[in-house]
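Two complexes come next, and they have one chain in common, chain A, joined by chain B in the first and chain C in the second.
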Partner chain A sequence: MAIYSQILANGLMLGALYACLAVGFSLVWGVLNVINMLHGSFIILGGYLTWFAWHGWGIHPIVMLPVVGALLFALGFALQKLVINRVVSAPVLTTLTLTFGLDMILYNVMTYWFTATPRRVQLDLGAVSLGPVTLPVDRLVGTALALVLTLALYAVMRGSNIGRAIVAVRMDRSAAELMGIRTERIYAITFGIGALMAGVAGVVFASVFPITTNVTGTYLGKAFVVCVVGGLGSVPGALVGGLVLGLVESLAGHWFGPQQAITAGFVLMLAILLTRPTGLVGVRGYE
Partner chain B sequence: MFERDLRRRAASTPRRTGLLAAALLAALAGTAAAPALAQETIKIGAPLALTGGLADEGHKQDLVWKMWVEKVNAAGGLAVGDKKMKVELIEYDYQSEGQRASQLAEKLINDDKVQFLFAPFGSGHTKIVGGVGERYQVPTIACVASSESVFDQSLKHLFGTLSPNGGMTTAMVKMFKEKFPDTKTIAVLGRDDVFPKSMAEGIAKAAEAQGLTVAYKELYPVGTMDHAAALSSIKAAKPDWIYVSGYTQDLILARKQMQDLGVTAPIVTMVTGPSYKEFTEGLGKLADGITSSSWWHHATNYTGQGVWPTTADFYKDFQAKTKGADPDYVHGSCAAAGEVIAEALKRTGSLDKAKLRDAIASTDIQTFYGPIKFGPTGMNLPRELPIIQVQDETIKVLAPADIKNAELIAMPK
Partner chain C sequence: MPEPRLDPLLELAGVTSGYGQIQVLWGMDLAVHSGEVVALVGSNGAGKSTLLRTISGQLAPREGTIRFDGRAIGGAKPDAVLTAGIAHVPEGRRLFRGLTVRDNLLLGAYLRTDKDDIARDLAWVFELFPILAERQRQDATTLSGGEQQMCAVGRGIMSRPKLLMIDELSLGLSPRMVEHLGEALIQLNKAGQTILLVEQDVMTAFELSHRAYIMENGRVTRAGASTELMADPTVSEAYLSI
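And then the complex of A and B:
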């Protein structure tokens, strides 16, 4: 029994990190109908900024959270405003190709500057024991941050004018324009928020996972699965999708061996696509 | 719209034909001029992963090959019979994509007319480039491929300077059992990829053959972000020895999660982790106590022929070039790969591909990197490979006896 409580705890902590990784991706896909291939590289960029600040000047990652968030928001906002907005109403394949190309540039620039050497923020905060369950402190902090950030985004989406405007644009672009919402600006802000969430996920990840450009594709793939499982375009969807995926991978890793853990995640995704195309908590019309 | 398109197409046709003719002419001129040019320099082609996932490894190869070429040319070039010829290294970035490596290898052979190829990093991509070299009968030297499955394809033009990785398992089990006689069980976690998988399977086989019980043995797929499930199962199995294979980022993550989840054993081995300085740098204190095996270590002391007569000479040059970095086995093995070519040219005194291939096959030389003598499959013959351990964040050599500078210690609690 002890091993199961440990495996459930592992799964939940991993799941919260997955949610944090996917929420920005889900927002951009849901609102802009843009599959943002840059997402994985944004996370790693956030991670590198954190690592360099920590390694070069000894700045604690927590301090970097708002800084990285602001920088990535600016980057995302500018990219959408100057580049992606030009083709944002084109079929999804066009924007996918565009962000794919942009990703190749960002990915290779990062590999060129930073090299692909895996780096790690060595906080090593230790672990706490709750009976038979061992909980690594940095993952606990990561989990808490992931939950707080995701809930903060949820609050912004529900409570602020910008958030309501984003939701309005997502529901009906033409109607939103008729109501006086400047949709192009909302697009840029949404993409900025997507990049911001990727950046802060990078900060959280920097002390948990090694940072290297090698994993950008892995992160992007996880974001896809989380979105499909949870449901597109909604903050609770990313949270539910992340937690479910974390638990499934953790249990499958124990039952069938780690080799099958990722497979189990994809089987779950297929099953959801077949039975609930909107995802577990997705909104109709966003499948 | 359609009409305009048609008109544009019609207008461009004669121009295109003209271009084609020009290209054909240029190609013809190129082939006519090639033999004359080829006499002036020895051309070595290298498809390299300078960007993409393997960029770090690609840059290591690039660095030492350039060092070697610089040193050779400064001394007047390579001896071909009794005259000396300069060396030209032609590199292309294949962006860590196997398909492109194969295209670029063809380009190097057909357009650049190289006489030799250097294969890129890793068993997988070496197999691809080795296949192209075979098709055109261009001798290909691989310096970072150790899986026997690359060399048992009867590629007659592929030669590797690393020894078979089988040499890394049996000796290790024997030594650890000798030093820690209480070692009864081993847990093995390996990455499902050519080299790490063969190491994981090799160690399990070697351990069983020497009477250990394999308490856990699983592979994890490429793209695994989390080892918690596997490590929790390993913790429950309480092994005396934990052996993890993978690439640096996997191993850093695995070690960190072992610490987090309180998973430990008297012996923890990670392959190839500590062979790379990135591993110890990424882990800091957490790297202490981890054992590994490698194909070469700069603490070795070999003497031989070539531009670097001793290991110390190479080490000194390398440190000067990199402002104080330590070379790892990739640097050592690749720098020595050039000497294989030098020796073959010296002995044959010609640029005839078939003669050169035969000369390389019968290579039997001593270098700063160690002896190079190819077995029937084209792989460097097995030798005693270094077993290493991280102690106080530096790499110590535990074996072989003649270069040993520390004793095996248990993992710090």
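And then the complex of A and C:
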């Protein structure tokens, strides 16, 4: 029994990280109908900025959180405004190819500059024990941060003028225009928020796992699975999808060996696609 | 009926418009004065919705001029037209799914920053349509058709427009609901709201308006005081026979 409380705790912590990793990807896909292949590289970029700030200047990751958020928002906003908006109404394959190409550039530039060496910010915070469950403190803090960031996005989407406008553009672009909403600007802001969430997820990840450009594809895959499992384009969808994926991977790792955890995630995705294509909490009738 | 000012609030002269190769409007002339309710009637495909889309900036006019409140607004983007003071309640309500009644109404005030006045206008919409206050936490698309129309009109008012344009107020609604909405429009107009009402239901349009335009094939074919048009046998024969 004790082993299962540990597995449950591990799964939930991993799940919160997955939710934070995927929520920006989900938002961009849901609102812009763009499958953003850059998302994994945005996460690693956020992680690298954190690592270099830590090792170069001794800047603590928590300080880097808003800095990375702002930088990635600016990068995402500019990319959408200057490049992606030109083809945003084109079929999804066009925008997918475009972000795939942009990702090749970003990925290779990062590998060239930073090399593919795995890097991790070691904060050495120790571990705490709750009965039979042992939790590394850095992971615990990372989990809490991931949840806070995800819920902060939820609060912005629900309670702010911009959040309402983003939902409006997603649901009915033409009617949104009649509210005076400049849709291309909302697209740029949404893509910026997607990049921001990827960047801050990277800050958290770099403090918990070793990161390298080699794992951009893995992170992108996780984001994909979380979206399909939870449902596209909503924060609750990403949260549910992330937590379910974390638990499934954690359990599968225990039952079938850690090497099977990723397989289990994709099997879960296939099962959901076959039985509930809108995802566990997705809205019916939208993509 | 309020005495019209000399300068119309909205004035269209020779406006042509359409989609791609298809021309829909062939030289529209129209004027709306402050304080008026003006109806625009005509059969399906006459170009009524296209005209509203051209005024609100979703389509650019190809020729002709659109003047509003003393300024040329032809070809301006929708946000600029809304800022100038024209709200467009689109055909079919087009409320935003996934957002509450309250959030839908607040989106009408998206461009405004005067928080206190927005709260006051929200209270005014709730006074006009008390059912919306009861349902304000509910997803707007779960309302009945009539309630959705109230929400759509309310959302239009929330921009505090000088001119409120409503496309097909009565479409798909029960006669009782149309009457109820009509009373709300009269109340709005008495409070000073200028309204341009597009309607397929000619009888409702004439009853609610001071003046009316009849459109056919992208042009105005008749115009005049609504009471006179209603009494005109050629009009009633063409539009009110069935």
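By our rule, the second predicted complex is superposed on the first by the 285 of 287 C-alpha atoms of A that agree within 3 Å, B and C clash if a C-alpha of one lies under 4 Å from a C-alpha of the other, contacts with A are read in each partner's own complex, and residues count from 1 in each chain.
Everything that follows uses one rule, which is that contacts are C-beta pairs under 8 Å (C-beta built on N, C-alpha and C of every residue); 3 or more make two chains touch, one makes a residue touch a chain.
In this text, all values refer to a predicted model and were calculated from it rather than measured experimentally.
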item: Clash or fit (per the criteria above) of chain B with chain C on chain A; value: fit
item: Touching partner for A:G253 - first (chain B), second (chain C), both, neither; value: first
item: Partner chain(s) touched by A:G58 [first = chain B, second = chain C, both, neither]; value: neither
item: Contacts of A:P91 with chain B and chain C, given as first, second, both or neither; value: neither
item: First (chain B), second (chain C), both or neither touched by A:G131; value: neither
item: Which superposed partner A:R120 touches (first chain B, second chain C, both, neither); value: first
item: Shortest CA-CA distance in Å separating chain B from chain C in the superposed model; value: 17
item: Set intersection of chain A contacts, chain C complex versus chain B complex; value: none
item: Chain A partner contacts - residues on chain C that touch it in the complex; value: 56, 58, 77-79, 82-83, 87-88, 90, 94-99, 103, 106-108, 110-111, 155, 159
item: Residue numbers on chain A that touch chain C, as the complex places them; value: 161, 164-165, 167-168, 170-172, 174-182, 283
item: In the complex, chain B residues that touch chain A; value: 51-56, 59, 189, 192, 218-221, 223-230, 232-233, 236, 248-249, 252-253, 256-257, 259-262, 278, 281-286
item: In the complex with chain B, residue positions of chain A that touch it; value: 3, 6-7, 10, 13-14, 108, 111-112, 115-120, 122, 124, 127, 134, 136, 138-139, 209-210, 212-215, 217-218, 221-222, 249-254, 257-259, 261-263
